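Data block below; observations after.
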Amino acid sequence: MTEDLISIIDVLKYFRAIHIMAMLLLGFGFLMVFVKKYGRSAITATYLLVSVAVPLYFLKDSQGLLGGVDSDIDRLILAEFAAASLLICAGAVLGRLKMAQYMLLGLLFVPFYALNEWILLDGGLGLVEHGRFVDTGGSVVIHAFGALFGLGVAASMTTRKEYETPIEADATSDRFSLLGSMVLWVFWPSFCGALVAPADIPMTIVNVILALCGSTIATYAASLKLRGKVCVADIANAALAGGVAIGSTCDKVSPLIAFAIGILAGALSTFGFAVIQNRFQNSIKKIDTCGVLHLHGLPGLFGGLIAMLTVNGISHGDQIKGILITIVIAIVSGLFAGKILSLTGRRTEPYTDSEELIVD
Amino acid sequence: MTEDLISIIDVLKYFRAIHIMAMLLLGFGFLMVFVKKYGRSAITATYLLVSVAVPLYFLKDSQGLLGGVDSDIDRLILAEFAAASLLICAGAVLGRLKMAQYMLLGLLFVPFYALNEWILLDGGLGLVEHGRFVDTGGSVVIHAFGALFGLGVAASMTTRKEYETPIEADATSDRFSLLGSMVLWVFWPSFCGALVAPADIPMTIVNVILALCGSTIATYAASLKLRGKVCVADIANAALAGGVAIGSTCDKVSPLIAFAIGILAGALSTFGFAVIQNRFQNSIKKIDTCGVLHLHGLPGLFGGLIAMLTVNGISHGDQIKGILITIVIAIVSGLFAGKILSLTGRRTEPYTDSEELIVD
Amino acid sequence: MTEDLISIIDVLKYFRAIHIMAMLLLGFGFLMVFVKKYGRSAITATYLLVSVAVPLYFLKDSQGLLGGVDSDIDRLILAEFAAASLLICAGAVLGRLKMAQYMLLGLLFVPFYALNEWILLDGGLGLVEHGRFVDTGGSVVIHAFGALFGLGVAASMTTRKEYETPIEADATSDRFSLLGSMVLWVFWPSFCGALVAPADIPMTIVNVILALCGSTIATYAASLKLRGKVCVADIANAALAGGVAIGSTCDKVSPLIAFAIGILAGALSTFGFAVIQNRFQNSIKKIDTCGVLHLHGLPGLFGGLIAMLTVNGISHGDQIKGILITIVIAIVSGLFAGKILSLTGRRTEPYTDSEELIVD
């Protein structure tokens, strides 16, 4: 290929990188605005988390620690993936940390994230052979890891009292949250296809869009069935589960399989929000503010596992090994990060905008 | 052309496809949030309409029914066009259907849309010779068709009582609506240029942007003139009329003509909202919730007709034939769909969020 | 290069042009929605300012006045730059003009903007040799010029009484403003890299993103330090100062330098909002509604000046000459425009939505 073509293909990646940035800030940021009294803080936290994670991962990578790539654009996209996983993690403890603690969380999170990514995708420590673990769009490495790490943190940083304080939303916070949800939905194909070669882009993005259509319809049906009426938070969140679950196999399955994966993921995620969430929180008396277990954790693991049924020639052993490694590293390092964070102060009631922000 | 170049051109189309997806969800979705008590429902309905239409059209097309293309990306873009037309149609009856009925509307709409598209653009049934009907950006096939179909549905699904219930907006619903409007404005060039060859993209998108500038200025002036003060809904809607009307000829006229088409379309659309809307609704006692006749119907037909004055070598006979066929198919099939929908239940008062959604 | 490649590179520019359009409408527009009682007017004004500036610059350029380029896409991007600078200028007097006056402001602004651009970048009048003034992303030509012109206008168009009327925001206007801020943040790399050659895009956009991360973190720290609590308006505005300041050198410095420039710019801008703003307004009894001096003026000048320290082989003489010319033309022509505008009427109290818009 000529140098001109190589430059052009880099610019095409750059546009996908910008789409991912839209997801990180506008998508994750506004999805988290559903907490009525904490909307401006959620957005501020999003800004800070991204601004800590991207330079930190970029620095790590350019120093060649735990792997590392040569291309500026690839490095940027990998840094954005790390930031996405961090935002998922932060969703579990949204409203339970101070701004400075979110930044500390970023500093603690990125190294463990990079370690897990290195082991699963780069053959780090020789645990999983390079290229054997199937996870193109990060169902496991990004989504499940972030969610499980976040639950680890929540184990230290949330309390029974917080569990008993209901999270309030209103018509305006709901609409902002749906706005964030739609930004994520729209740009999800660029997330999954960020590092895919041009020739495989069409198939990849069609699969992602069909998976999202499937989870959106399934979410509506499951929410109505399980709750009697449709819950706005289900729509805003579980509609995206198809994107989470198709990640692992987005460039490898047929459109019909993608649609089916989306339907299953949407139903699973809605079941999580509508049924598991309360029981889970009841039993452990901890809070997962944004329900990241149900949007990213379970659908992410489902996406990694379903690859074993839908992708020809996959190594079942490596796939399962990768998933188990992710679960262990995420939970252990999440618990560790939670302990460290709790040393810098913890509260028994959720924060509101007025505590750290000047509110008119 | 080499395979590399072909792949790259596909990725360029993919980015336009993502822009169109932003228009469908964030654009149409939030534009419809102007109904204060129905905002979350409007967004949920948008999610469902897109998630039904895209897979359905995709399936039809991959089966080769009523034409069909080979490329995944072209098929995706055509499916998005179908979804856009469906959203326009749904705008006419926004708040008059239950969620399940929106989905049924999608199932009824897509086949007729595909039939009309096939006849006008693919030489289906031998009525219009392939390639003779000029409508690059879909002024007629997408906008006018969707609006007229929607009016057909509204004829069955709205009542005098609904007509008498004013639609309430407030400062927040207005701002969300303007947000949706701006998303549509920004990405409109990608909509019109979605299937245009790279060499014609610059001219196409300059024309679309100039047409939108023209309609925006004309909307302000006409709204002020006709109403004494400027109406926010005029700005949110009629400012986009230039995009609707330039569709047919976006890759064929000069920038100055494009600007002029935009001015005329903005004035026409504002006249529709400010003057025709009340008289029309008064006379037939039906509601067109979003005023799709004035944003998509009239400017779309105007765009198709003005092509006869501005495009050299156009076949006037085929252009008029195509427009008439669209009008007939849209209205007849819209009336038919309305009858079917009314069998599944109809109401005499508009829905609010609290009826189908769990509202805090 | 083949014609195919040239077309493709044009399409790549087109996508950046669309990103810039998102910044102009959704970004600047919603950032200015922080004024609670003037949100819909701010968005309407944004629509009108863009719709006046883009065709006007396009016309000027296609006529070859004050320079002018051959390519439609380059011309569009330059027209968008002019519109960006105009929006910055309008931010200084937001809420002090009637809609028709914003449009008149556009007509007055664009010629002076084009004059300054021509002198600095095209060798106009022989004052600065072509290609010697370093300002790739427009720190000086776009940001500082717009801000200083706006202050010139404000000198005529704001009064002591307005100065004494506090600008009210609330939770919803804040969230809309943060939304606009994030749109600007996300697409800023496309703004700075709009006219950069494909091979230099990766480095450019990494620098812009790192600069924005730097200013975001610095803004948080400085706001907390200077005010005791974090001010939402600081986050929404000063977080972007890294993008403003990196403009001049975005394709020329290392990532670490970019990050450092961002940190300094964020601190400087926050200092402006938190400390200088009140003193400045106190001393001259004029209002700079959006604080454009602190977001665009000072960081823009800082960006132009820092180029002298960070770019090898730069001509210090030309760089300083260019900055001084910009300051003089912007302020003098801004004062002139303010005088003209004040002939068409001025008020002593800020406008609210209800005066020019039909408000439900």
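When the chains are written out, they are named A, B and C in that same order, and each has its own residue count from 1.
Here is the rule we use: contacts are C-beta pairs under 8 Å (C-beta built on N, C-alpha and C of every residue); 3 or more make two chains touch, one makes a residue touch a chain.
Computed from a predicted model, the values in this text were never measured in an experiment.
A.B. asks: Between copies subunit A and subunit B, what's the superposition rotation on C-alpha atoms, in steps of 5 degrees?
C.D. replies: Rounded to 5 degrees, the superposing rotation is 120 degrees.
A.B. asks: In terms of residue numbering, is the interface formed by subunit A and subunit C classified as same (over half shared) or different (under half shared)?
C.D. replies: different
A.B. asks: Per the centroid of Cα atoms for each chain, what is the distance between subunit A and subunit C, given in Å?
C.D. replies: Computed from C-alpha means, the inter-chain centre distance equals 34 Å.
A.B. asks: Which residues belonging to subunit B are in contact with no fewer than two other chains?
C.D. replies: 5, 8, 12, 15, 172, 179, in rising order.
A.B. asks: Inside the complex, what are the residues of subunit B that reach subunit A?
C.D. replies: 3-5, 7-8, 10-12, 14-15, 17-18, 21-22, 25-26, 29-30, 33, 39-40, 43-44, 47-48, 50-52, 54-55, 58, 62, 71-73, 75-76, 99, 103, 172, 176, 179, 353, 356-360
A.B. asks: Quick check on the complex: what are the subunit A residues that touch subunit B?
C.D. replies: Listed in rising order, the residues of subunit A that touch subunit B are 1, 5, 8-9, 12, 15, 19, 168-172, 174-175, 178-179, 182-183, 185-187, 189-190, 197-199, 201-203, 205-206, 209-210, 212-214, 216-217, 220, 224, 227, 229-232, 235, 239, 255, 259.
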